[in-house]
């Protein structure tokens, strides 16, 4: 197990390095640079070339690509994420503000979608072929078929504007002191996100459960005279859980990425909207840091999943690989 | 006069076992661990042994479907030309691939479900120079008839056939290039008993018609005894006993063979014998026991068995050559 | 024991069996299983209708999707304009049809092309192994280390917006999944005995892997193509929402639906977003149903 | 008229035809819901507008005829770029595309992404012959100005990305910058306008109005309406806001933008910082804000201010003339700078030497802390110098003095800036909201309400969403689509303000790169 | 001798049909047999003949799309009789019988054990539901069961997961689980097919020991006549959903009276008979279950087929223990005995 983790870590860092280099080179190919982007188009013609050059120099943009990459990499390795170019804000500050927001949203959505998805999936599997199963399948499928921004906007129209039950968006307000105050704000975005994720979790839980229910040890359990709930939950679901956990693990990065659009719809000040802003602004250091963070999260998540799978499933835990 | 068709010398196939952070090779599965074997032209040589003892690996390695780790395989042609197969480049193997073929165990995975029988079989023919489609159809059709199937079946898909039929098609495939030696890897094990006999008879018929040599791999000694001229018993990658098939039953030399024979349930109430129940399981081929690999389970094991590896020695029973590797045999060894 | 509905069904089947009146259709098991899946069939029908409608858009609508008529803007649906008109007086119905062409082209095209790339690499690498496989695996891992939308955004910002770029990006981000699927299938097919048999004849790697093995790996890939199509269409819509999708002058479903961002339109002009929103969702739903149906009917472990 | 280079768009007849092909009147009445003013030149309507401008209103026959004369290549597909991401602009583009198609000109349009500035405004190395440094044919954009000269100054040889240098134009530009007296400048402006419209090196489309919206919670007590993108005397300390909290847009996203660039765009620019002078709704300087008195010499070359007594920053430190002097010096070096301010500080004696680092002091700035007097000496006339000081925020030297002017915006200060204006910042959740509370020490009195600013701006959908949900009480937008939406809400109302803000179509006259 | 009191279970004219893919598969089509206490009944037959379905029916472990159509399954327990087919499928009474009165072991010990629970847990589940032992006693009993099955170091092994057991040990663990509550009947569905012969011998040894010690009736399902010869007291030969011949091992193996049984015995080589033994394959192959012959299921492959075979033959009792289903048995029997005599 430990060697396995060590093995994964051994690939982990070179991977991060290669990806960072690729992203950096990619950004180099995109037109313009951070400085020309800092100038708003309507005022751009009032800035002189000398001013631009001076700024480029101040930001070190006149150095060669490799030098800049090297400087970026070394400071990154030393834990210095550098500064956003657009506002000069320390990237660590930006991350400290946006990452929790996204995590909050994603984890709540993950939580709901997992609970909902797993239980509906299991119900669906147990009632396979029945009306319940069919309608759950259709509903789940519909959940993944509606463009999420569209879903989000319609939800705003309905619940925030017409019914005025919930705020249109945003995460914090000046008078928010307790966690309870913040709940109305997270309800819509997390629910929309969760509903879109539920379908996946549900389908997966269903097929995993069906798989397990067809296995021989289920018959063994029945042949021992165990009551149905014990057969289904203790023997069935417990085993079906392994692949579902894997799925959820793979969902986490998906969710963090997938929240991008929902963040945009609900003015949620998370990493996703920040990423879009930095991409649009060619804010290299920020784009680099955020994309690497995503990569980091994805890679870590898959690592964690492997560990989790191992914890749930003794075959992996004790087996060689 | 017995003439070899294939000679194996110190034949070994190891599979690396990888582990650790750098995925380094930490050991080897010694699937085949030093086999010396001559296969004679025209004989049926049985290869028996428990699961995992290396039978399949040996069979595949002869055809170089698995690359052997060590040792030599020498092919002796009808004209007595010897070619060492193991040292050939892959592409130089082609002329010999025609001569060596294999029939597999699993009738379900041995045919490509997406192709008709003709579709599956025509490519090898094409490769070996049968260029006209008519000719290919004729060859395959003839062979289908030879295995008691209808010519038209070549345009059907595998799922339309029963297990026994599939197995016959597998045999057709092995036969289509007119081979000299066929490795039958558990060719009947997956079949129902009633079908098994059909296929066995078919194999014998074909052997007679086509002057074939079989290396017949199975774990079922009753089949081996019925079918084979000689039987080799394998245990943990080695041959522990090799003799005429009758002698194996009548003059068993190795305690393992003895136990194996006694363990086989016989459908004859008059032949009920006392089973010799072996303790424990087959050890792992990664760490075979020191000394005689069989000693931990051997009811007769002595101290010498724990330390010294027995070699395959030649004895004589019933006037036939009889090889066995055991320290405890009290027959006189025959020097070569 | 009470007669349950299942019992009734059993009785029916048994009766048919005993009277030998069951219909034995000479159809492949996969096809008949697919046709038994009502959702998948409905999906296939609607899918076909939408595709045909888009293809024959000029025959179905007298309007030009680009034709601006400012004096008749934002008209509610009527006999002349089935889905009403948009803010510049263009016929929404026509635009939805023409938009479908582009959106479906992007979705299906990218899915198929990424499958082609993924299969080409995955089959070879999966069958042959060795350094090609190691490299391909690492490269696909690099692509798969990003959340998909993030990678797409990054690439759009690097390459700029155009239909071609978007498809290239979709292929770039989509081939990895297909590759892994193809590779995994190949790894298991590699052990099948018919493959070993082909190898024992010394057939070339290309023949073995592309001619003989590939057809057996196709069904999960087909399923994946449908699911990717659905995903790409949704991604295209999401990108237009972010303003990073297909350039605005090309009508696509995403670009048309994008008007819903304007709360005024969302509140007052339902026909400008409702029909197209439904068409996207229904189309994607149908594609998903088809994918699901394909998955179920090609999965040998499922019966019913 | 003849094309001057290989690009057919360098032929004035083609440009005239393009101008005449667009039916701005219909577009205005439909798409823009009658909320725009037709434009006939770059310059907004007013006393400086020439009476003799050529008529380029919608005339498709004429346009076709001109194109035919110019042998327009009907296969050529013009590439139009724009940078506004809203739906209305996209619709507008679609309309223009349709009108062009009507006269036989093909055109496609695309929204610029990524680095807009570079893609739009890169100037060719050779400012006369090109080739162009950018790859579009047409561009849709706007020019806002507080000083009339700003409209034309960028047409100087070598400064314009689309129009090749022209000695006549250069001379005309020289003329409009030669005096501070409007009466003197008037004929010069007439002339440059007429010349430019003959050449049609841009195609004016419409004058943008600004819309100020208010919820029924806000009572402005007669405060004036003006261009909310700049600073003017809006009497905010006298407003009544029921509930005690004014919610508005233009809050910070990641940081507070420094106030010398987009002069009044952000809410914090307006309320957190103080200026020396104050302007009225028409942005004419009308008197003192932080200054007690000021004096502009009759030759226009020296200006002095005396600060009010007892002014403090929000942190309690005094506002001194040293802060003013330091602010001016820093503005000479800081890169992101509004042209108005740039022009003024650049005209101060010794500015050049200070900029290139040869001196540490600016000889044209003299001040005395005790007397609270600062005087500036100019090397050349700056017609807009007083306007500049109605917009120029005084920043605290004691907090920003150590910052490298080139990385001015990078300072931590801009996470929660401190000024001397009517409101101080008390709580910031970047990207969520910023809260401003009235500042006791403000010389203009203390407001009776807090301000909460959300990070939304005109053209983004959030403004309307928030307004619909009761999260907006006051703010501005330039998007006419927003106006319809806001007017449709029971609790909201809008007011249109005429501003100098021209929307136009740029036409690339350099040869293609 | 069949003595009423000695019968643990009797199955009468049992029919179980499957209803998948909108077709009806008469998997078990009228099967009757008795199981005696302390005796082994071997059900033997080729793949797909309905052996497993019979076993599953007795345990009421059939999948959803199947149904017991007809017949009785009478379980005798301490003078009481229970009609199993009348019980609710997963009802309390059925559950009480399963695992405690009738236990079952399966073909593939790899898949029949739940991989995520320790072997001890899986054994103790049984005890927990069917006995009133407390936790400690349950654990002790589990360990002693493993010990009885000949698993070394049971105290340690009890806490291990199935995957660390070898195939033979898993099957022993399965047996331990089945034997936990001293069932009256043990159904073993091809318990050694997945195992090597040497391991199979170990398992058989164990099963015989248990039978003797506990007086358990065993239903052993197999397709190997050799196994029958080794273990069976009574034999039932199945073909396509029917029992074609049943009797004591002696009856069936020494005096096979049904053409199918005979053919089956002649079609496999027997170890020790050497190379010259006669093996006679049965022609054709087992029919498609959806396209069964109308009458006698074996007719199309039978050398004795006549027109009368178009009707399903009734069970014919040859003697007290020996019964067959064949129209032609008399002729067949004669011919066969002639051959024997000559």
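Assorted remarks:
By written order: A, B, C, D and E. Residues from 1 in each chain.
Definition applied: contacts are C-beta pairs under 8 Å (C-beta built on N, C-alpha and C of every residue); 3 or more make two chains touch, one makes a residue touch a chain.
Source: prediction; values computed, not measured.
Least step count on the touch graph, subunit D to subunit E: 2. Centroid distances built from C-alpha atoms place E farthest away from subunit D.
Comparing the chain pairs A-C and C-D, the larger number of C-beta pairs in contact belongs to A-C.
Mean C-alpha position of subunit B lies 89 Å from that of subunit D.
Inter-chain centre distance (subunit C to subunit E, centres taken as mean C-alpha positions): 49 Å. Here the CA centre of subunit A is 39 Å from the CA centre of subunit D. Subunit A and subunit B have centres, each the mean of its CA atoms, that are 54 Å apart.
Shared interface positions of subunit A, defined as residues touching 2 or more other chains, are 30-31, 156, 161, 279-280, 282. In subunit D, the residues that touch at least two other chains are 113-114, 465, 468. Against subunit C, the residues of subunit A that register as touching in their complex are 15, 18-19, 22-23, 26-27, 29-31, 129, 134, 137-138, 141-142, 144-150, 153-154, 156-157, 161, 210-211, 214, 253-254, 256-258, 260-261, 264-265, 275-276, 279-280, 282, 287, 291, 294-295, 298-299.
Per the touch definition, subunit C reaches subunit D in the complex via residues 66-68, 70-71, 73, 86-90, 156-157, 160-161, 243-244, 247-249, 258-259, 261-265, 268. Residues of subunit D touching subunit C in their complex: 23, 26-27, 30-31, 85-88, 90-91, 93-95, 97-99, 101, 108-111, 113-114, 461, 464-465, 468, 481, 484-485, 488.
Chain contact summary for the complex, subunit C toward subunit A: residues 39, 138, 141-142, 144-150, 153-160, 230, 234, 237-238, 241-242, 254, 257, 260-261, 263, 266-267, 273, 277, 280-282, 284-285, 288-289, 292, 301-302, 304. Subunit D contributes residues 83, 113-123, 141-144, 150, 154, 159-161, 253-255, 257, 261-262, 335-339, 342, 404, 406-407, 409-411, 414-415, 427, 429-433, 435, 452, 454-456, 462, 465-466, 468-469, 471 to its touches with subunit A in the complex.
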